[in-house]
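So, here come the structures, one by one.
Two complexes, one shared chain (subunit A), two partners (subunit B, subunit C).
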Partner chain A sequence: MSRYFYYFYTVGLLINTIFFVPRILLSERYDGSVMAVFAGILFGSVSAFLFTKAMMRFPGEGIPEIFERNFPKIIRIPLLIGLAMMWTIAGSIILVAFSSISIRFLSPETNPAFMLMFYCAFGCYAASFRPSTVLNMAELIILLNLPFVAFIMYKLISSPYFEWDSIQVLADYVFRIPSLTSFAAATYPFTGYISLALYNRLYEKTRVGHLWILPTIGTAVMLVSYFVPIGLLGIDSVDHYIYTWITAVDTLRMKFGFIDRALYLFLFMYIGLSLIFIAISWNVGSVLVRDAFGFKPVTILKVKVPSQVMINAGFAIATFLFGVNSSDKSLIEFVSGWLNTRLAAEILLVIIVIWLSRREVKHA
Partner chain B sequence: MMQPSSDPLLQSDDFVRETLDNGRFQIEIWYYSTLCDPDLIRKEIAHPFLLSDSPETFEKVLCSALTGVRITDTVHLSEEMLQGNTIIRLQGADYKLKTPKPGNTKLMQASTETTLQGPQTALSEDADTSLMLVRRRYPQQDLISEQMNLGSKSRTKAYLLYDKNKANPRILEEFRRKLKAIDAEVVFTVGQVEALITDTQLRWFPTMIVTERPDRCVLNLSQGKIVLIVDGTPFVLIAPAVFQDFLSAMDDIFLPSLITKALVMLRYIGILITTTLPALYVAVTSYNPEVIRVQFALSLAGSRAAVPYPTFFEVIFMLFLIEALIEASLRLPRYIGSTATTVGGLILGQAAQQAGLVSSVMIIVTSAVAISNFLIPINIMSFAFRVIKYPLILLATLFGIVGVVAGLIAVCFYLANQNSFGLTYFRVFIGEPAVSGYKEGDTK
Partner chain C sequence: MPKKISVPLLALLLLMLPGCGFKDIDKRFFVVAIGVDQGERAPFKVSFKLAIPSPRTEPGEAKYQVISQEGSSIANAVRLMKSKVDKEFDFGHTTVIVIGKSFADHRELGRSLDWFFRRRDIQEIAFMAIGEPDALSIIQTKPKSERLAGNALMLPFTNEGTESPYIVKTYLFDYYRRWHEHGRDAFLPIVSSRSETFVINRAAIFSSNLKKLELTAKETGIFNQFLKTRHRFLILAALDGKQISFNAKVRSLRFKLVDSANKPEIRYRISINVESEDTEAPVFHQSWDELEKTVEEEFRNQALQLLNRLRDNGVDPLGFGLRYRASRHGGESDFAEWQKIYPKVTFKVNVNAHFTGTGIIE
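== the complex of A and B ==
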């Protein structure tokens, strides 16, 4: 079962290294974001490692149960809600961003609000399933998409238009102190390991093994994510684009492919990956909210509606309202601010869990 | 016990009530002439009766006969007779003797689930004959058959079959409980049983296999599954079943393993084509012609030049025709059936395109959809996949390619959330015994 842990980690990495993170990092490429990438890899891997080790002291238990034993209600509920919000917002940002990508690159004639509504409805639908269903779907989508992701990454690096010189330019800017925002952005892709906070419930018998995978794929994906757009779009003009990565992939043409613009293959894969990311993050969010308050199913017009559906519908409506009122510019500003908050929240969570696991060992 | 005039038994013309007298004593026999075999009655009752000196000797003969039993419970006499028993009244005591007329025991060729080189006969419509076919292929004392009667009015005979050592006791108990809870008046087919024992009313994908092949029964029994044989239909119900089971044909057992793998992959590709191709056609022609190559996009546009309607109508029009054709060739008598296919073939072929109703690419799409749908070995599953394409077309019309991909993922979510008697229905590494029946190490 421990393979599922890595699926979430991988989804988080693949999704977040495409949307906002490269854009934030690349805009500060001369101001220390190279260092931020390496620091982010180190920090992300270490905290993922520590968190996973700590969670393994609680076999078959999620954060709600662990907190229930250790904290009074007044501390527990805000913590859980905070954690849930962290997840939900992560999903919602991707939802809003991907909805605008769909409008821009796939169906420019569709009404943006209509498209956003469709994504929100899908998120609400997919996130309301049992966690085990979401696990199985994550596996299916990742296994289907990974070969294509690997193929496109390979094509990008081996592209004749890939300028290694642009990357060498960056050597002059390595030893600079990164800003907090770029550091927060560089740690963000690793955040998939936090899913263990809830899905640890499902790993009762198995322990998460092969922890060396965490830094390995993390480093590989982060480096590709940061350097490939520079190599393809040029060191100076790389921050002229809103969706840096999508523009970078659009430089690629597959001469003998059924679809000759690699962009479309890439977008098809990322529809799947984004949707599963939204499903996972809202699923975690809604289950955490449900368990924080202990909500029971509600009966509406004689139909028993699980409280999870209600919570997800709430998420969907909030996301829709947020998405309709945001633009590309306001979204990236929101994300930069949010990333800093999230970094603090993540550090807090990791420290709490490590502290609790130490205490558990002492008591036992 | 029997009130002469008001009893419904006596109102039936095929109900026989005879008094036999051999000069020394008398007996009374009751039976349904249509349900009982007169030869058997003559041989087992009338003949020994003629030779008996006293009631005691005849009683001995009766009880020593194969299935003669003295009945103490006289309330269910009519039910006993309806099961094909003859009731013998001898000096105030009642005996029953099984004298059923042999049903339709003729073995037929498997017609809905054929294989190339596998066993060719299907199960029989007679439950006992079907049970015999299974037992012959699986001569194990652990193979337990539990007889039950389904339906409050039809009392259809059914056998629950399972391998005692292999079947999961929890699933078996659940299956039994659900069968007992069936509340319908008449039960004739296993598909109906499946509907009756499924909790939800909204069923889309089958979670139990319906098959007519004795070899599939036996393979599944040996994998610890439960088989339900129902009298009056050559089909049996196998539970639990997961998604992968529906994509396995019995040919997979005897073909070389690489060919089997290739065939299974072919079926998955078939599913992908039959579900998404029409939706992708709509999405590509109406939203994203730039996805495909320029030359192809141009020839697509060229072939659509004469079509005045949006692609949505074109697709719906053609798919309606092909679905109608499939249904028509299924329902029509065989002699008229060929007319339907000929006429339909003409329309689907050239005429529709020349009339400017659909593009020529759409005809290819339609045929690809129809043909790849037939790749799915189990019938109900291919029906389930026929339905999916319509919501996907709708999503493609509204949202383009995003709608198609998201719709497909939504369907997968639905599938992954299903379960068959507590087993996960759909996931990548299902942990099922290999569909071919071989396990690793079997061949060493």
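== the complex of A and C ==
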């Protein structure tokens, strides 16, 4: 059972080390982002570890129930809504980014608004299932996609054009103080563990074991994500590319693949991973909002619509409006700003949960 | 009730489908090669080789159409070209980008080629080459063996077909990173056309996107051995006045920078396997040690000649500067330091040949 926890952690890592994080980090590669990567790995793993341990003291309970016992409504609702927004935005930016990537690389003739609308509609649909269904879906997609993703990563690193010298150049720049943004970006991929805030409800008897997996995959994925584009795109030009990882994969030629441009295989894998990431993050977001207010299903024209669907529809509409009005430039600027806020929110949540877990044990 | 609402709603969604925004495959022209030359009236002359899909794929049956257009920029020329054809251009299969020799000689090959680096549908794994006498004539060449349009120009680079030590290859992304990276310079193969075939056996070396040096065929063969994508090659050596051709394969090749005071050195350690392929006298009973020494001596001389020529021309396609930046710890000052050191560098090449056999006769 505890494997589901790792599935989401892995999806979060794989998705976020492709889209914005490497670009933010690589643009500051001479200004301390190497240190940020290592600090991010340390920080991410430690907080994941502490948070997981703390949540295990509340078997079968999610954050909404725990907060309900401990906080008055006036504190509880803003906290839960804040947490829900954190999740929803995480999904939404991936949705907007992937829809623009789809347009650029897969289907340039499609109207951007339609593409965005269909992604939003799918997100709304997939996120409205029960949490256990979403997790099963995640398992299926990860098991199908992970081997191919691993294969492409292996091919990239073993490519004759992979230049270790470019990476070693960075050795001179390790001991520089990273900026807050690059540190926030480096911790972001680890954020998947927060899903336990809600999915802990599914862990009544089982406990999340094998916690050593957290730092192990985290370190591996982060290092690959940061260093492989440098080896392939060159230390001085790696930050010229807008979709760093997409271009990095495009440098791979597979003579005997079905299509010699390996990029398409990679994009195909990442459609699945992105959609499951969107589904999970909106699922968590919508359930948190529902439980914060205690929404009941609404009846529209005699049809009983679950409140979760309504909330997700709201997310979808908001994302659509945001996506239609954003560009490559405004999106990355928004993400860099948002990452800093998210880091603060995440630290706050981890501290609250650890504090509550200590307090409840004392009172018990 | 839900069905009564949802079915018409879904049906309404169909109305929003984009319809014929998408163009069918028979309404598209696949651009398989692009040539860029100096224009007579405008700065650019762009040529496309457009593949015409045909049901027959037989040698020499490849059908294509070549069109050219002059323009003030590449994008401008492409737009103007659109009015010369009946179908939509599709760059998804563009595998070779040829740059005319006079263009390469007189223009910088960086910003002027921005269009290729910027377009999302030009693949990063397209091959770049210099065309002699100009790009258009390379694109127009029609080898008799060609089965698919553009294939004859592409196969030598992909190694799916011929594998020659004289063919160097440069991917679009590799050119771009070498252009920007301090301490590693770009190089391009030079393709020249004979009436019905191509000859690809030379390379041009660039320094900050200006062409600096052209290697001869012999030098290109050696140069290729110093890259990671090398093939079997030939070493011609003479022993006791008799010429012997050795078929050689590089087993390992690495270099080290040594900068003792005022005497910077680059030390190469190369080990190769050789086999005699064509000799004027039987070699089996001769001392194999001596054969190995002859080969080592010959290869060392050729390598030194090439390395010295690269250094004297101030180009660094083998990435010595990048290695210097990687192995020294001065941060930003590394590269400036290297630029002072490079002209003074001496090369030491240590070749270790292993003679594997004489073929099936003595």
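Here is the rule we use: the second predicted complex is superposed on the first by the 364 of 364 C-alpha atoms of A that agree within 3 Å, B and C clash if a C-alpha of one lies under 4 Å from a C-alpha of the other, contacts with A are read in each partner's own complex, and residues count from 1 in each chain.
We adopt the following convention: contacts are C-beta pairs under 8 Å (C-beta built on N, C-alpha and C of every residue); 3 or more make two chains touch, one makes a residue touch a chain.
Worth saying up front: this structure is predicted, and the values here are computed from it rather than measured.
**Student:** Record, for the superposition on subunit A, whether partners subunit B and subunit C clash or fit.
**Tutor:** Here subunit B and subunit C can both sit on subunit A without a clash.
**Student:** Figure out whether A:Lys296 sits in contact with subunit B (first) or subunit C (second), or with both, or with neither.
**Tutor:** neither
**Student:** Put simply, what angle do subunit B and subunit C open at subunit A, by C-alpha centres, to the nearest 10°?
**Tutor:** Placing subunit A at the corner, the angle measures out to 100 degrees.
**Student:** Tell me the contact category for A:Thr110 with respect to subunit B and subunit C: first, second, both or neither.
**Tutor:** Both: A:Thr110 reaches subunit B and subunit C.
**Student:** Just subunit B (first), just subunit C (second), both, or neither: which does A:Ser132 touch?
**Tutor:** A:Ser132 sits against subunit B, while subunit C stays out of touch.
**Student:** Going by the contact rule set out at the top, does A:His210 touch subunit B (first), subunit C (second), both, or neither?
**Tutor:** Neither subunit B nor subunit C is touched by A:His210.
**Student:** Touch test for A:Gly272: subunit B only (first), subunit C only (second), both, or neither?
**Tutor:** Touch partner of A:Gly272: subunit B, not subunit C.
**Student:** Could you tell me if A:Arg69 is touching subunit B, subunit C, both of them or neither one (first, second, both, neither)?
**Tutor:** neither
**Student:** Tell me which partner A:Arg359 touches in the superposition: subunit B (first), subunit C (second), both or neither.
**Tutor:** After superposing on A, A:Arg359 lies clear of both subunit B and subunit C.
**Student:** So, A:Gln168: does it touch subunit B (first), subunit C (second), both, or neither?
**Tutor:** Only subunit C; A:Gln168 stays clear of subunit B.
**Student:** Touch check for A:Arg261: first (subunit B), second (subunit C), both, or neither?
**Tutor:** both
**Student:** In the superposition on the shared chain, how near does any CA atom of subunit B get to one of subunit C? Answer in angstrom.
**Tutor:** Here the least C-alpha separation of subunit B and subunit C stands at 5 Å.
**Student:** Once the complexes are superposed, what residues of subunit A are shared between the subunit B interface and the subunit C interface?
**Tutor:** Common interface on subunit A, subunit B vs subunit C: 107, 109-110, 114, 260-261.
**Student:** So in the complex, the part of subunit A that touches subunit B is made up of which residues?
**Tutor:** Residue list for subunit A touching subunit B: 102, 106-107, 109-110, 114-115, 118-119, 122, 125-126, 129-130, 132-133, 136-137, 139-141, 143, 258-261, 264, 268, 271-272, 275-276, 279.
**Student:** Using the touch definition up top, name the residues of subunit C that touch subunit A in the complex.
**Tutor:** It is residues 1-2, 5, 16, 18, 21-23, 120-121, 123-125, 158-160, 171, 173-174, 176-182, 184, 228-229, 319, 322-323, 325-332, 334 of subunit C that touch subunit A.
**Student:** Using the touch definition from the top, list the residues of subunit A that touch subunit C in their complex.
**Tutor:** Interface residues on the subunit A side: 30, 104-105, 107-111, 114, 160-161, 163-169, 171-173, 232-237, 240, 247, 250-253, 255, 260-261, 263, 301-303.
**Student:** What part of subunit B is in contact with subunit A in the complex they form?
**Tutor:** So the residues of subunit B touching subunit A come out as 287-288, 290-293, 398-403, 405-406, 409-410, 412-413, 416-417, 424, 426-429.
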